[in-house]
Amino acid sequence: MKYVDEFRDGDKARAIAGQIRAEADPARTYHLMEFCGGHTHAIFRYGIPGLLPDNVKLIHGPGCPVCVLPIGRLDMAVELARRPDVILCTYGDMLRVPGSGRVSLMKVRAEGTDVRMLYSPADAIKIAQQNPDKQVVFFAIGFETTTPPTALVLEQAKKLNLSNFSVFCNHVLTPAAMHAILNTQEADSGALMLDGFIGPAHVSTVIGSAPYEPFPAQYGKPVVIAGFEPLDVLQAILMLIRQLNEGRCEVENEFTRAVTREGNAKAKALVEQVFELRPSFEWRGLGAIPESALQIRAEYAEFDAEKRFALTQLEGRENKACECPAILRGVKNPRDCKLFGDPCTPDNPLGSCMVSSEGACAAYYSYGRLSDNRIAAEEVNA
Amino acid sequence: MNRLNIANGRVEMVHGSGGRAMAELIDQLFAQAFDNEWLAQGNDQAQFTLPPGRVVMATDSHVVSPLFFPGGDIGSLSVHGTINDVAMSGARPCYLSAGFILEEGFPLADLKRIVDSMASASKEAGVPIVTGDTKVVERGKGDGVFINTTGIGVVPEGLNLSGDRAQPGDAILLSGTIGDHGVTILSLRESLGFEADIQSDSQSLNRLVAAMVEVVPEIRCMRDPTRGGLANTLNELAKQSGVGMQLFEKQIPVREPVRAACEFLGLDPLYVANEGKLIAICPQEKAEQLLKAMRAQPQGREAAIIGRVVEDSHHFVQMETVFGGNRMVDWLNGEQLPRIC
Amino acid sequence: MCLAIPVRIEVLIDEERALADIGGVRKEINTALVDDLAVGDYVILHVGYALNKLDPEEAARTLALFEELGQLQAARDAALAEEGTE
Amino acid sequence: MNRLNIANGRVEMVHGSGGRAMAELIDQLFAQAFDNEWLAQGNDQAQFTLPPGRVVMATDSHVVSPLFFPGGDIGSLSVHGTINDVAMSGARPCYLSAGFILEEGFPLADLKRIVDSMASASKEAGVPIVTGDTKVVERGKGDGVFINTTGIGVVPEGLNLSGDRAQPGDAILLSGTIGDHGVTILSLRESLGFEADIQSDSQSLNRLVAAMVEVVPEIRCMRDPTRGGLANTLNELAKQSGVGMQLFEKQIPVREPVRAACEFLGLDPLYVANEGKLIAICPQEKAEQLLKAMRAQPQGREAAIIGRVVEDSHHFVQMETVFGGNRMVDWLNGEQLPRIC
Amino acid sequence: MKYVDEFRDGDKARAIAGQIRAEADPARTYHLMEFCGGHTHAIFRYGIPGLLPDNVKLIHGPGCPVCVLPIGRLDMAVELARRPDVILCTYGDMLRVPGSGRVSLMKVRAEGTDVRMLYSPADAIKIAQQNPDKQVVFFAIGFETTTPPTALVLEQAKKLNLSNFSVFCNHVLTPAAMHAILNTQEADSGALMLDGFIGPAHVSTVIGSAPYEPFPAQYGKPVVIAGFEPLDVLQAILMLIRQLNEGRCEVENEFTRAVTREGNAKAKALVEQVFELRPSFEWRGLGAIPESALQIRAEYAEFDAEKRFALTQLEGRENKACECPAILRGVKNPRDCKLFGDPCTPDNPLGSCMVSSEGACAAYYSYGRLSDNRIAAEEVNA
Amino acid sequence: MCLAIPVRIEVLIDEERALADIGGVRKEINTALVDDLAVGDYVILHVGYALNKLDPEEAARTLALFEELGQLQAARDAALAEEGTE
């Protein structure tokens, strides 16, 4: 696979890791946050922590859209799904997230409601056309990567004059969340140890690198945008270490093959046309963040599920012992949660971070609980 | 006896009523295709003698959707699946039963295709279908056809395979590429709709197993990595034997389109189902000999040694990635896949 | 959720649709978000939609950088080996 | 391992995925209820030794609706049905397999009730469930639960029962009243909605059979008159053996409410399903002895000699009615009944 | 079962049969038609032919509503069932009758249409209430016995103001059919050998015995109304033989326990209120018979499926070799049909008379193909 | 199709419904077509509807007739037996 396999090469990984070890200052610790769940996933799946020196610490950020959706919004989706006239469509990961009282969409589906998993939002339009007697609601979540396809689907619904289709919009914005992380009580009190960001890959293909420029300027935190392949991550770590060692603080772009300063103008214009900023949106772990999410513009109001079904905001009941909020703020690690591993597992997730393979708890659980009795491949083949 | 209208007819409730219409369906479709002395006895049970040895019994119901796919269909799959479960004990599979749950309205032509496919899979493997059962459920209470097959076989003297016998130091062998079946089924999902030059690996492994146990009777255990894939099956064995496992990603054969499809679907080939592959664990010193025996069989041509059993009180399965890092290979975690077997 | 992967454009079907290939897997994708596509271009595919074109020159530059680091590592390895044999 | 929420949980797709959730379901529900050494081995197949003799294999899928009914449920039914099919050969049933097809959304509490009922039916009959399989289908692609059971048993030396061995002059015996099961199921149909003091006769007949073959090893054949009822089963045997049969209506035991329900539904009890009855054909001179042996068993207390095998090139089954006339008792003709087994 | 078992007594049967043998004049033949399928069924099920002397011959009449429905009307029901918005409900027997091209409602159901079997027409109302999105059509067939329940259901639908329920009415009239039988070409030419009628049991509980009075008067054919139990049938045969021997020709009533001269006035009034005579109706075998069937009155027009769906009368394609028409006219016996038994069987019916257990062919096939190697019960119990 | 059977009225539920019994089977039936029903009455039941009341005296009369014929037959049987023994 071109542009994939080259970025997973084991020899190159050894080389970059070697360079990191060579350049990392043993006298200090580097706290680097990968904002994106995509990075979190790659880090664990490819065993990157094992390649890093002990003083390079990765902090898992809130860049997992499943993880940051507040329970109240999920409960609203559950309410929608339970309406007999509604077919609720959403991405697979969303189905297993426990809402209030541990009711997930999957469980609601087992109750007999019509909840469908989508591979592409375009399928929601097809489902609406095939079920004229039903109201098809696309429960849309995601960062700026996922927003343009939703915008296209809304445009298409308008063109097709679909009377039985709407979107329950939960699209959120990456830079706003990064600001919020740097503005928590913990950040103010110094409890958040964060020296720099590994910046989003695919989000940045859309929004470009410019929106990250405030972070070095305003907070003194360098940002290196990185692809989701493991060599990209390693390289970005090296680049951050260099900035920190050299006292530089800027936005750098490791993912130049797909990210420009401006991003995708066409996609941005379309998003602008269909969506507008919400004055405020609640994030799990981060609380209400002003102008951190999108809502559907009045011109598309008929396709806005919140308006069509006159949804009222619900207050979700969080599992009190679940540390997702603190993990999402970067101040705790999955291991710090008493529920981690028992009883909270990917099969029985008690919090959102244990659901998606991009959630810190799930990635940690599925890939990270290693024992240390490795033997070498060479030995086996002897 | 009336002739079934196989070309245009459909399954009706009456075909499951126990009356003449059912007898016609059985005679003209099942008995004709499976054609053997035991079925011909026409009793509600088959009688036969078994060679001496421990007897093995395995059962699987098959609910694959879609029913037809490149490389097979629910019929051949149902024969292969149970033959393989029997064979994984080291046994020679001897006889199969087949239980059909048909949905009202299912085209008889499709049913015939499935039954013929079962018949040739059974003949090819040398394991006859000796008794059966047919039920019909109302439209909307089934999904075309579900097939249960149950197999019995006999373990030759001197063999003792069981999932709890893996020991630290043992070698882990895999009979060929992984993920072909699951990805083939996924490619047929309307909403995914991709095309790739792959097909299900569904096949009977009894001849491969016979060749393996003849050469290396010391094999500790075998298992076919079906639902849950290689990862889940190895975790099962690790748990049963109370050991850990160390795998090496670069030694695990995966076809390029399977890898690519998994990549864009966000799946891991280690968790994707197979229907014609087996894992064998044997003493390290027998590994090369076993590998050679496997590669000599058509079903084992791409066999590989993929790892080793290690001591581990956590019973973790780990894998050195092509990238060089080490990661866990955990149990399958509630992945949302279509029905594949 | 942001799962996306580079695919090669094989056939431009119309303004909004193309046939893409990845590792021998062919899939119809939506290209409405990306202008000026040509056969042979690589795009980043996400939930069925092309998000952006991939720049082959930049990719080559990044890989060249890795290559350099590889040479540095080779040098380190050699030095280490020397040490070992001393 | 997570604890299943049996009280309020439901079957989800993940319970069939082959991963941890499935393992939990199997461990906490099936393995716990069936609890035996073979299941405990945790392999994909069970291994055991069989006593010497011809081996018998029988299979049945069960799709009864409703799942629970007076006198049993799909769980006990699925155990009885296959044990009986094995036993009808004269064999001692030894082991069962169980294959479940669960519909997404099915309450775990109901599943547990069914599994517990299977477990006690299996224990009562002394035939353990040694291997199994679980599949889950999407809501709307199944009907709660379908269960396939397959049984194997061994025919003691010196017995040779088969449906083709009835001879003119032989006596036809029936182990008890007919129609109880089918009418019980019908009474639960919402649209029929009648009440009667009856219940399904679903029960295992292996002990009755053992007693019978011990006293009269010359029995020609046995069969359980399930779907299609007494009439259809006798027609099958007549056809297989190439004989006719003469029955006497007044000797065929039918409970009054069964007769009455059939009357108002326009059914004939001869065609209504049974699940705990058997027909035996034996040489006329052994009939009284066999009848006595049957009546000595709880499952045969109401046994009766109901007719005789006759020569008839048409292989007709006929019956002298209580009214004095003679009528044919034909094969079941596509009656529209609810699913009963 | 009171009023049932007493009328199935074997000793009494021997007695009546003995009396018939004693009274039947060996010098003549008695051709008696049982009009009703219910009688046909009882005759074969209880083995009555074997109890009668050879010169007492039973002719099977057209009194089986499934048998006499012309294929065109069935094809109309098939058309209705195939409408995606329609749930078609009917009595069980109707499902298996082959229409044009051997398409039965059962086969149409296997195609995926929604065809349901009813035990009681009241269930059709329930189905309509449970399926407000669907049009529920009750495909009503039957003689005067079945008509009053249909009338009640139509009245109820009107009361409930059901907008998704209608009846495809095919109710027919017994006396009209009896007239028709006596007016066929065969009857005129003498090919129909018929000395008297065993008159309907349950039809007569509704219409009473008076409507049969024209038959002795107009055609010189005696009628004895008989219950459906086998002793009733035997007794009616004895009563007909006596009339014929004595040269009487009148309507007699063997079924006095349930039939009066007037019948059920309440039921008749209700039928009169809901239905009116059709000018003409096509019968299988008998052709178009004037005033032989009912249609729904204008007051209930909204519940008339023929009007609601603007059904047009179809011409069915009869299986040419099937002798049902002649059998229904009483001039042929099932044995006269070349298809009888092979390939036409109850499992593979090629004509309507092979479907219902009241059809002459089915009754004959299922109960009547006897060999003669009976042995006595006494012998078996010896 | 004209399948109908005598059932005994056990409970009058309302103007249109009653609980009926036949041979130990109890069923709710519609009685709208028959007036003046009382518990203990027998009615002819068809497709869930009572069609008519059954007249017990007439039933007895018919059965008495059969009884008479039974005696005639007994006489014939006796005569036949006599013949046989002659």
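All chains are identified by letter, namely A, B, C, D, E and F, in their written order; residue positions are counted from 1 within each chain.
As a convention for this text, contacts are C-beta pairs under 8 Å (C-beta built on N, C-alpha and C of every residue); 3 or more make two chains touch, one makes a residue touch a chain.
Remember, predicted model here, so these are calculated numbers, not experimental data.
J.: Which is the least count of steps on a path of touching chains running from chain C to chain F?
T.: When the steps are counted carefully, the minimum from chain C to chain F is 3.
J.: Which chain pair is joined by more contacting C-beta pairs, D-F or E-F?
T.: E-F
J.: Taking each chain's centre as the mean of its C-alpha atoms, give the chain farthest from chain F.
T.: Looking at centroid distances, C is the chain farthest away.
J.: Any idea if chain B and chain D meet via the same residues, over half in common, or different ones?
T.: Same; most numbers are used by both chain B and chain D.
J.: Counting in whole Å, what is the centre-to-centre distance of chain A and chain C, each centre being its mean C-alpha position?
T.: Roughly 22 Å, centre to centre.
J.: Measure off the straight-line distance from the CA centroid of chain B to the CA centroid of chain F, and report it in whole Å.
T.: 62
J.: For chain D and chain E, what's the span in angstrom between their mean Cα positions?
T.: From the centre of chain D to the centre of chain E is 37 Å.
J.: Centre to centre, by mean C-alpha position, how many angstrom separate chain B and chain E?
T.: Comparing mean C-alpha positions, chain E is 56 Å from chain B.
J.: Among the residues of chain C, which are close enough to touch at least two other chains?
T.: 3, 5, 22-23
J.: Note the residues in chain E that touch 2 or more other chains, in rising order.
T.: As it turns out, chain E has residues touching two or more other chains at 1, 4, 9, 14, 119-120, 345, 347.
J.: Tell me, which residues of chain D touch at least two other chains?
T.: In chain D, residues 13-14, 19-21, 256, 259-260, 263, 266, 331, 333-334, 336 touch at least two other chains, as defined above.
J.: Can you work out from the touch definition every pair of chains that touches here?
T.: Touching chain pairs, listed by label, come out as A-B, A-C, A-D, B-C, B-D, B-E, D-E, D-F, E-F.
J.: Touching residues of chain C toward chain A in the complex: what are they?
T.: It is residues 1-6, 8, 22-23, 30, 32-35, 42, 44, 46-49, 51-52, 54-56, 58-59, 61-63, 65-67, 69-70, 72-74, 76 of chain C that touch chain A.
J.: Quick check: in the complex, which residue numbers of chain E touch chain B?
T.: Residues in contact with chain B: 106-107, 109-112, 343, 345, 347-348.
J.: Show me the residue ranges of chain E that touch chain F in the complex, using the header's touch definition.
T.: Those residues of chain E that touch chain F are 1-4, 6, 9, 11-12, 14-16, 18-19, 22, 36-38, 63-66, 91, 93, 119-122, 141-143, 145-146, 148-149, 152, 200-203, 205-206, 228, 231-232, 235, 238, 254, 256-259, 263-264, 266-267, 270, 356, 358.
J.: Which residues of chain B touch chain A in their complex?
T.: It is residues 171, 189, 191-192, 244, 246, 248, 250-251, 256, 259-260, 263, 265-266, 305, 307-308, 310-314, 316, 318, 320-328, 330-331, 333-334, 336 of chain B that touch chain A.
J.: Which residues of chain B touch chain C in their complex?
T.: 187, 193-197, 256-257, 259-261, 263-264, 266
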